[in-house]
């Protein structure tokens, strides 16, 4: 999850940063304070914890292991890390988290990653190749399909290239906008679906009319042609394409401190 | 719940006792040690706690308020009495007690009372008179229908007279053997149904073939004619009618000690 | 986020005439203080929901707040009948009360379905009883795998749930412990919720067997020390068993009931907007002893 | 009543070839020691069930114990793929493993239905995904009240559930605390159950957030200090994150995997009947560090 460093051109903050860091910072910024956020492990957890340490101290972190209101000092390596339970407002069973909390529509924002995404922000985290003769067997659904279905809004974090941004998913694990307008409603999905797709290149949002992902924002230094070349379909682009604010020194410092603690945690846990 | 005292004729223990005490002692005796017992308030709770203090110290008491393995020192006046929770092995929610524990068939013996019982041990605790124009509106179902359905065996405690032992219930709140053989199975009820009906006059058991209640045992001093006269249908009587062993001095002492504590608890709870 | 407000303000804000209101508490933590405030504010045409309508609902019914009762067991636990409930159902006094009657398991699963935002849940219940065909929101459903027929109950989504808890913190997070009944489900099933508490503390110390309701699923928290009396609050006070016994005689007669309510409930008004957390509602504790 | 016995005896008694076995623990309290004993006793043709087949199931699959896997997420949390799982599914090594694949919510409700002894439960899940039509024990059901179509999952009743807990008392009552996952449901859904524990104590002290399993719903309790390592046991030891990372390289190669298992698991046999509670199984702790 590292990339070539980006050196700001002098107009912004001076600290160089990686595309992955830009992605994480963009995700953190998307979380308003007080938001109730269903968090998976890895980039989403890092982004949510970064938000909590910067502009959103009252972010409510809910992990599928049942911890509600967790306030970890170190980004957890696993959704069951002990500190999540120790710092949580309450810990409930897995049946309860999926029924009383997620299914009931109490979560504002769900974070998802995936191996593949299509133009309607449907996601594949199950298999590359045919299901019965897999080329790469991925971990599978986990909580993703219900997060995609039930959260008021979903943020997808995914690196952008021809393996990930595909014209046709090998398997539809989680529904974004399905086959297009009205499909979520026909399926009875109650959440708003993916409203934000954050990649290492920029930010995409669904077109309200067509439900197709539209590139709305480029990260600093990224060219539009590069994004098109890394997208497996004919990419829709907003009329007014903006450029992401580079990570501030404060954001980078907080992010790196989190990652140092994470790395330390992973080596000294015994 | 008092009655005329019975004075043993000198062959048994010397202490006089009431028909109600005989009924409670008979109920307590029916509980083998180690039995998992779903207990309501009043006579059942008194009987179960008497059993726990005499021959069945490892009786497991489950109350519908969610207390599992409660060991109260005083018979509770309400199924939610604080001491039930304080002395329990675990306290679970009401949804859990009815689904994971009662419905799942984990209870050996359920105790039920009622305002009316019929020959198939169906019970009415809902209404006397027509449902829509009640003569006496009773408390209603509570946990009874599911206790009657799911426990491996049910013990009914009820005073016997023409108001309680009726040819036709005004309302079927809880199913005993329904309309007769095979009815429980057709209804999909998994528990064994009422295997024992204990009254102030004697003990009745269902006939294995007809499912109809059969008088099997008289309490000391009770005449068969009296029982027939207090039954609203043509009562079946066992070929070999036995007589209950009168309450022993130890049983009476334990029972009365419980009742003294109960009465004291009810006056000094503040 | 739960707003900390006075009980009078909370009831004025959250409970409206015609609402479906669930006041839960399974013999423990019964929200008497809040129910009394509903009586004082003279709410009418309420659909009152509760597994075990006991003294508090007897009072609400007798004071004419209730148009419909959804319940599974209506009695004075350990004592006998609820006379105001019976008078309403048997004789329509002070107003006719329609009933929707369940078993504990069935009404419980109506709350659970509501809390899960499912339209129904299946259960093994009701089969062979005369409740079938008489009780609304009850149906049968066939298992798509085994073909077995089960009962199904419709989700219950009260307009307001009212519960009493031992503690809230200053952010409005709530903790209750001991016998917890269906309070969590009632709050999560309801559109709005009010939690009265024995005290507001700086920090909720985790307790064995505790149910925690995060502030963001509660509409309002109101301080009401003693607010569960004459029922009990584990760790605070015991059940006033003598009052439960005394209620039998108080409630048997319409006039004596009315006089008792006038003296013990109506004459203790907490004026809307007057009181603030920490004093205005403390008086609700201890009444009816 | 749960029998207190050695881990080797308990596995010999309770786990049979061809059984459906659920070893649960949601990242916390994963029953590694018991799973290793299953490997040592060379159980075959197991249908292994688990929400999150991680390292333990990777080991069971790689050692040829598993004929079918019922799961919802199979990965090395925070690290990446499970290489033995992938090798079995992608290339049939050491034996083909068929899969029944759910979402967390769906598989969870299969356990819950089992624990409630219902044949199915409804939930909002799966709609629009390619799991529909590919996954057994999944159907749709129409709400009898609203007409809405929902997913339905069939009850799961494992032959055996195996979980790890912090403590049991001498009567076999079990207490676990911290993240408790679906352990209670797995045990209550199963026909038989084995609980390994960090220690046997005279009295279970009630803990915040604890799950208690009364002795009478557990088949056997076996002492296995360290028995959740390299996962963690809250209050006893932490997760060995370094081992989770190291497992990626160990498991990537078939030979290296086999050698590691031979050295760290197979060479630590707990002979049936030899050990008694208190010593025989303590050795299982700490392996894989």
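Order of writing sets the chain letters: A, B, C and D. Residues in each chain are counted from 1.
Note that in this section a contact is a pair of C-beta atoms (placed from the backbone, for glycine too) under 8 Å apart; a residue touches a chain by one contact, two chains touch by 3 or more.
Every value quoted in this text rests on a predicted model; they were computed, and no experiment measured them.
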Length of the shortest touching-chain route, chain A through to chain B: 2
Whole-Å separation of chain centres (CA-atom averages), chain A against chain C: 41
Intercentroid distance (Cα basis), chain C paired with chain B, Å: 29
Where chain B touches two or more other chains, by residue: 90, 99, 103, 190
Junction residues of chain C, two or more chains touched: 116-118, 123-124, 148, 150, 184-185, 209
Chain pairs that touch, as defined at the top of this document: A-C, A-D, B-C, B-D, C-D
Chain A - residues contacting chain C, complex: 34, 36, 60, 68-69, 89-90, 99-100, 103-106, 190
Parts of chain C lying in touch with chain A, wherever the complex brings them together: 1, 115-118, 173, 184-185, 188, 212, 214, 216-217
Contact set on chain C toward chain D in their complex: 116-124, 137, 139-141, 143-146, 148, 150, 152, 154, 206-210
Chain B-touching residues of chain C, taken from the complex the two chains share: 26-28, 51-52, 71-75, 77-78, 81-82, 85-86, 89-90, 101-105, 108-109, 111-112, 123-131, 134, 148-150, 178-182, 184-185, 209, 211, 231-232, 234, 237-242, 244-245, 289
Complex contact set, residues of chain A against chain D: 41-42, 64-67, 77-82, 84-86, 90-91, 93-95, 98-99, 102-103, 126, 131, 134-146, 149-150, 171-175, 178, 183-184, 187-190, 265-267, 269-270
